[in-house]
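Think of it as A, B and C in the order they're written, each chain with its own count starting at 1.
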Amino acid sequence: MLTASSPGNWSTVAQSPSEAEAPHALQPEAGGNEAAGFSVSLSNFNGPFDLLLSLIAKHEMDITEISLSVVTGEFIAYLKELESVEELDKATEFLVVAATLLDLKVAGLLPQGELVDAEDVALLEARDLLFARLLQYRAFKEVCAWFAGSLEIESRRHVRQVRLEEKYRRQTPELVWTLSADDFAALAAVALAPRELPVVGLDHLHAPLVSIREQAALVVSLLRHGAPVTFRQLIAGVDQKGVVVARFIAILELYRGAVVAFEQLEPLGELTIRWTAGHWSEESLASLGADYDG
Amino acid sequence: MAETTETDERVALPVINLERALEAILMIADDPQSLVSLATSLGAPVPAVRQSVERLVADYDGVDGGVQRGFELREVGGGWRIYVRGEYDEVVRDFVLTQNPTKLSQAALETLAVIAYKQPISRGAIASIRAVNVDSVVRTLLGRGLITEAFTDGETGAIHYATTEVLLSQLGINSIEELPKVSPLLDDGSEGFDDAR
Amino acid sequence: MAETTETDERVALPVINLERALEAILMIADDPQSLVSLATSLGAPVPAVRQSVERLVADYDGVDGGVQRGFELREVGGGWRIYVRGEYDEVVRDFVLTQNPTKLSQAALETLAVIAYKQPISRGAIASIRAVNVDSVVRTLLGRGLITEAFTDGETGAIHYATTEVLLSQLGINSIEELPKVSPLLDDGSEGFDDAR
């Protein structure tokens, strides 16, 4: 993990500090120029770091306190154009970086206090982290050229790869086959099973999963033909937190469907649930809790 | 090489490099190559190619006191191809034995299963299902006669593979339709997900 | 060849014929062959095989005033294979039905680079380095067989990815150590920040 060792870290990597301090870096290029020169579409950029790098490259400078302000301005300006819904998803990737940059810019605009307080340190850390990740990203980006080149060169090479001569093929040992058709089908099921879907794994957060619909069905069966029941009674004997939560959500859903009503005499007091629905069909259950699906 | 306006260099080329260009082609050509097809792709006259081929044969045979190579250039079925020299059959057989265990690897079996249920299927499609490169496994299966090249896609040039009778007889079934169903996974994976639990 | 009770003939074999036997095997091998696997099928000691391989390389390169062949012996992807010599790649192009895979996108290349240098690495970690979602790119790389699922973290369930031998082959290198050095920053980020230049 990279932490702030000194604010000057970045400048050790800077190519020419003198140029970075040159006045032209300070001036936001004349309005017209900026508008014309910086109209890009998202597809040109792989991500926020990509955009940042290209902005830095465009100004032929390294990010110092001064130029950072210019780059931040353009970065934010660029983000403003990302308003269409389809771009929203990608735009979120830029937000963290944008927020960090803004923070840094604001800090640069404010008069510098003498004392280093915790917030300043946090800001420095944020900046160093951002710069470190940017540097790292740049390193990978640079080495990409080598990958592309090597892949290209090697793709033009031809390797001897010919069918085994028939006489040797005939001499290969007889195959020992032990699989039945059913074994084979089982193998196919494994091989063809969809690869794990690329989603953020949340399984560890709420496993095992509990179906709200199932819980609702249970609640219905307990309430439908009987007297009012307290929530405590409804969850008696349940030791899994997930089940309790799901059963509670199921009750809320039933309430929303005007199937049950609550009674609670005092805050945090005993919760009593009673059946109020005039008619009830199993179909009602099918659509229940749909908000929680997916 | 079609132009004839060049100078000395051009004249030297066919003599010196034709043999080298030929051996380059022969090293990667899978099927025996006729003199005509070799001449065509090299842009050289057939007689020159014939001479070069003859010199290569002699070269690999070590005729002029050179090394006798472990391979030889032979004319088979109207074309030329590089084969292992007969003396090394034993060595090669040992090698083939160690490379071809009597049982298929798990990777080979799974690839075979994918082909069986999804045939005809291209190598690229197999690779994307299996998420690995399947080139050598496909060669193994071809070599074992368990799969065959069904057809080549006219547009992409991608070879599509299908299973053979050999597989059917190994599985003890008469047609690929007799394979046990493994749906709903096969449809596209989106179905039956709700029941997965 | 492990026995030493044999006569003249046997003694001569390893010296004279090892290179030829190697040549024969290389004619039919369709994967890169490591020295160890070659030594195993030849029943010869690894150092002897290494020497023979080196002599073959020099032989085909025409080092000692011999002919420089149209093919060469290269170590790629952790093993030895016969390749067409670079100068002749153009000549042989028509003879191979390689379906050159489409080029990788810039995003795929960057992701590949991150995985190559940081492996084994989870998708989340890749995404945070590249600051973008990398799901589809990772799938592409898996499909090409350039990366593989190395292991799944027991606690988080996160799959960690590593590069494959296929990648090594396609890059023309033998081990991941042969990748060009990148800034010391990449080690872990905490070191070498000041020495980055």
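As a convention for this text, a residue touches a chain if its C-beta (ideal position, glycine included) is under 8 Å from a C-beta of that chain, and two chains touch if they have at least 3 such contacts.
Fair warning: this is a prediction, and the values are worked out from it, not measured in the lab.
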If I average the Cα coordinates per chain and compare with the overall Cα mean, which chain comes out closest? C
Farthest chain relative to subunit A (centres taken as mean CA coordinates): B
What is the distance, in whole Å, between the centres of subunit A and subunit B, each centre taken as the mean of its C-alpha atoms? 44
Averaging C-alpha coordinates per chain, one finds the centres of subunit B and subunit C separated by a number of Å equal to 20
Chain centre separation (subunit A, subunit C; CA means) in Å: 34
Residue ranges of subunit B touching at least 2 other chains are 27-29, 83-84, 92, 96, 131
If you look at subunit A, which of its residues touch at least two other chains? 158-162, 164-165, 168, 195
Touching residues of subunit A toward subunit C in the complex: what are they? 1-3, 5, 9, 12-13, 46-49, 90, 93, 97, 132-133, 135-137, 139-144, 146-148, 150-162, 164-165, 168, 195-196, 198, 200-201, 203-204
Under the definition above, what is the set of subunit B residues touching subunit A in their complex? 27-30, 83-84, 89, 92-93, 96-97, 100-104, 109-111, 113-114, 116-118, 129-131, 142-144, 170-173, 178-182, 185-186, 189, 197
For subunit B, which residues are in contact with subunit C within the complex? 19-25, 27-29, 33, 41-42, 59, 67-71, 82-85, 88, 91-92, 94-96, 98-99, 124, 127-128, 131-134, 136, 139, 156-158
If we count contacts the way the header does, which residues on subunit A are in touch with subunit B in the complex? 158-165, 167-169, 171-182, 184-195, 209
